Amino acid sequence: MESKKMSNLLSFEKPVAQIQRRIEDLEKESQEKNIDLSVSIEQLRTELKLELQQIFSQLSRWEKVMVARHPERPKLIDYIKVLIPDYLYFCGDRLFRDDPAIFGAMGHINDNQLIMVIGHYKGKNTRDNIQCNFGMANPEGYRKALRLMRLAEKFRAPIVTLIDTPGAYPGIEAEEHGQSEAIAMNLREMFQLKVPILSIVTGEGGSGGALGIGVGDKIMMMEHAIYSVISPEGCASILWRDASKASEVAEKLKLTAQDIMKFKLIDEIINEPVGGAHRNHREATDSVKKCILQWLNQSEKISWNQDLLDQRYEKYIRLASFDHVKNLMKDIRSSEENL
Amino acid sequence: MESKKMSNLLSFEKPVAQIQRRIEDLEKESQEKNIDLSVSIEQLRTELKLELQQIFSQLSRWEKVMVARHPERPKLIDYIKVLIPDYLYFCGDRLFRDDPAIFGAMGHINDNQLIMVIGHYKGKNTRDNIQCNFGMANPEGYRKALRLMRLAEKFRAPIVTLIDTPGAYPGIEAEEHGQSEAIAMNLREMFQLKVPILSIVTGEGGSGGALGIGVGDKIMMMEHAIYSVISPEGCASILWRDASKASEVAEKLKLTAQDIMKFKLIDEIINEPVGGAHRNHREATDSVKKCILQWLNQSEKISWNQDLLDQRYEKYIRLASFDHVKNLMKDIRSSEENL
Amino acid sequence: MISFKKNNTPKIVKPGPNLEAEARDWTKCPGCRALLYNKHLSENYQICPKCNHHFRLNSREWLRLLSDEGSFCPLFEEFEAEDILEFTDNETYVERIKKACKKTNANEAIQTGTCTIEGHKIAIGVMNFHFIGGSMGVVVGEKIVRLTTLATEQKLPLLILSASGGARMQEGMFSLLQMARTAGAIGRFQKENGLYLSLLTHPTTGGVSASYAFLGDVIIAEPQALIGFAGARVIEQTTRQKLPPRFQTAEFLVEHGQIDKIVERKVMKKVIARILSFYQEGWSSHGVKKNE
Amino acid sequence: MISFKKNNTPKIVKPGPNLEAEARDWTKCPGCRALLYNKHLSENYQICPKCNHHFRLNSREWLRLLSDEGSFCPLFEEFEAEDILEFTDNETYVERIKKACKKTNANEAIQTGTCTIEGHKIAIGVMNFHFIGGSMGVVVGEKIVRLTTLATEQKLPLLILSASGGARMQEGMFSLLQMARTAGAIGRFQKENGLYLSLLTHPTTGGVSASYAFLGDVIIAEPQALIGFAGARVIEQTTRQKLPPRFQTAEFLVEHGQIDKIVERKVMKKVIARILSFYQEGWSSHGVKKNE
């Protein structure tokens, strides 16, 4: 496993840091003294991997939140570069402003299939972060996303949306320019696009701002991504006027990919490299690419006309419906009885 | 004829002012001294009417510009009150701002036919004027107009647009928010509305800002309205860097209803009261109402589906086409030869 | 879901022991602090005659105000919330629902059905802020989807009155997805040329405002209603800017082009009826066009 | 129609008598005042290698730059402007047209036809600013309408390169109406899923910018190109405000969300070809979808 040096270590990653440091020391020693320490190093690497596997299989929901928000997690642009290397980007909502918090580009995946990738962009460094508002889009971002989706429709290019946002931007101008209208319009219009849509939550799926580009024929989540109706901090401050209770609230919100898969609200979980996507961008992006290719393969079989729209609509008629909940509750009860 | 007291006398109206003053004097005398002067008054009134007829039948093009811009000319709201007394207005572009320079309302004409009236609003007084930008719309105004037209389509209400603007607003924000895009979009989308559209130039038809709500199945102009690719002032300052040559340029631009009718670019001229619409609002608005009713009557016979769109499109394929011009030139040449 | 401190529900004045019975008949106006006789308040559409303060109506009161007497037929009453997340804060979600039902004498934050408004038959949904802040969970979403589907099938105009703090966080992702479900249903309805009137009352925010509330062909708001996506406090904390006056009020939204008009409660029924009559006429007066 | 003071056409340096022949080979860059050898300038797409100043290309030069060699088939060349208004300012309109024809060796402000771009067949229109400021009169409108109709019928992508001060005032209302005619034609084309690429060069303003130029499915601009509706001078006079830096430049428009991207002249053909290949693939790769 190719492991990166971590500048942002999460608290629960500390045990791993020691092993990593030991590996680094041995590597240095091996080089300086020109001796073969590969056996010891390999051993430590295995140890590291096991430790990471151990830690990341037992993350609490709040720890998952921290992984999903990890600053070194792959960002939209990392995915785009790997997914569609010959990409062309398109800017602007044709109305008011180009919002850098939403970015979209068209290009070929695997050299032969054209797709449009649209997502939230959090930025790769502090300057970027600020420019992109940490991935919190304004209405013009959502309107640009819709314009690009319609462009994809004209090009007959399937759409992949990559979700990674704390939420829509809570700003004065955002309210003035119709944050509500922009998100609502996307939710409505995404049902009308005659090309297949896949939505993947790659990091943070923050409420309406995430869903605003998230209506898809299929919905997937990365292994350590989260998707929530409200941020744990926001929820805590409403319930107890105390944002510091966020970690406690995260447990209640059941916002991990695993929770949501269990609820049957998503179609698939995309595996991450051992220790999380932030430890190995290449493996993470490849994993996403593989899932997209599989999905494209399935989508070939549907004819891209009213049928596609009907299927999408039917999906959402069932999804999170009263019957859906009822059936889940029945399943839960019967499995409890069987214990 | 019910004549208003003029607070804004145009230079060429001066001869009329004297007669008016004499009428007022006689009326006053008759009342104060309680004597019957009705014969003399009636005589003067006839004189006034003849004088007005004389003056207004010989207006130069620049004088027409001044009549079309007359501050006491009926404004959008005067028309709406007479045309659709039970009107309901609708605000906003759902994007950025409600632009008071464009106003739209739905209601019944003649108690039985629902229509949507949308137009430029110049305002009725100085405060209004400023708020409405003297009828110069921003992009949000054009976007609101389009939204209201689509609403009319949903209500199956024919659309009447009333044009009265010096032009689209030349402002910084207007450019930032896409004045070009907004007007272009309206021009394109008005071809797609499945309800009949009538455009009437009631006053000033100022270039792209006028046309931006002016694509119709029929186009009419009031007798003293103007319609021009550029304002005489603007044209003069481009040609000679001297806006004061506007009166001279007005002659060149051939921008009167009569010119444009002769060019076969409009379908009808709507008669104004003797001495211009500003002298008798009631007669002017009634005249417009009559023309709308006639048009509605014709529109009943077309089925409001693709046929309507095809007819509208065909109209504009012919209108101002190369063949149109060629045929006009032929007519002019042959009539010259016949002299 | 946003929390609202200022609750403008009529507050019964706490009286001295002897005056108790009498005092129940009086309400103190939070706008101007005048003591108002409940009967008069009720006759005045729950609007303070002194300062025009609009007291909040519950869904039943709204239905009484808008629909023709006896015309409301409730639909989809059978749906009741489930605690799929097993959510507990200061109390369990199950307990919270139970209390809300008791308090509002209703089983969810929206009443749906059909009614007539000055003779025009419509599909109607009316939210109730008193039921867990009018929050949208699975049942609210389900009822709106079903109501909209019914309106599409029966070719009825659709009216939804919103009063909500947003999505119901106690139902997690199930709540959030109601935004997409309702928006999808309304899109289908509108594609079939259905007329959707959205009526926004105090407050309409969060996941409700960013889904069906802002998809109305015509959007009407009550005067002074708070309408927006994000909570004012969150905006202040995030931007560290002072909020402009009247921020997120209905008046602010009209100015910013987001809604069609503000209508006083007293004439609300009349205005809606006029829109409905306009719409039905357009459809019936031209045989040719009807069939498209 | 807006007038442009700053003409960035290459200006031949006025030489002393003996140097005349030689000097014709050199051009002074208005951007950095460097003396540039015309041959080098031409090899560098008429871009100053010192300061990146983009000299203006005429329609023929653009066609040479964009289309595959020998692939351009001119269409609708037969249309010539008529002086229907009998317009005279400092000279008659007839005279003005004659001069423009002579100067540009073309008969109108746009060249239209078909060509291939890296093998992709398209309908193409290229405006020529040197012909009466690239102004749009009846003939320009007519050629665009016919080109667009052809593109619709033959299912070709459409590319229009704009370079224009706006409508041609010498043709009065006939000019203005070209805005509606071209927009209508492009709307029909786009409804049939036709791809329209709009390429904006310096300057694109007035009636051209407010019609076909801003209707592109994809809108591309050259760096630093002046693009806008109203003239900067008019805006200053009307608003009495100082114009922001880079006002109405391509860069300003990207920031304000009005156009898709800025593309350097050197890679323009490549970028357009890539878009065309994306589009044609999408259509050809899925048999099922092709027939819709």
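For this structure, a couple of remarks:
Chains: A, B, C and D, in written order; residue numbering restarts at 1 for each.
Definition applied: contacts are C-beta pairs under 8 Å (C-beta built on N, C-alpha and C of every residue); 3 or more make two chains touch, one makes a residue touch a chain.
Since this is a predicted model, take the numbers as computed values, not measurements.
Identification of common neighbours of chain B and chain D yields A. Ranking B-C and A-C by contacting C-beta pairs places A-C first. We define each chain's centre as the mean of its Cα atoms; on that basis chain A and chain D are separated by 42 Å.
Between the CA-based centres of chain C and chain D the separation comes to 52 Å, rounded to the whole angstrom.
Centre to centre, using the average C-alpha position, chain A and chain C are separated by 33 Å.
Residues of chain B in contact with two or more other chains: 94-96, 176-178, 181.
Within chain D, contacts with two or more other chains are made by residues 214, 256-258. The touch graph of the protein chains shown belongs to none of the named shapes. Pairwise, the chains that make contact are A-B, A-C, A-D, B-C, B-D. On the side of chain B, the complex with chain C involves touching residues 86, 88-99, 106-107, 113-114, 140, 144, 151, 154-157, 194, 300, 303-305.
Contacts from chain C toward chain B in the complex involve residues 193, 195, 214, 217-218, 254-261, 271, 274-275, 278-279, 281-283, 285-286, 288-289, 292.
Across the complex, chain D meets chain B through its residues 1-3, 79, 82, 84-85, 87-90, 138-139, 141-142, 145, 167-169, 171-181, 183-188, 190-191, 206-207, 209-215, 227-231, 234-235, 238-239, 241, 243-244, 247-248, 252, 256-258. Residues 94-96, 139, 143, 176-178, 181 of chain B touch chain A in their complex.
Contacts from chain B toward chain D in the complex involve residues 168-172, 174-181, 183-185, 187-189, 191-192, 207-208, 211-212, 214-215, 227-230, 234-235, 238-240, 252-255, 260, 263, 265, 313, 316-317, 319-322, 325-326, 328-329.
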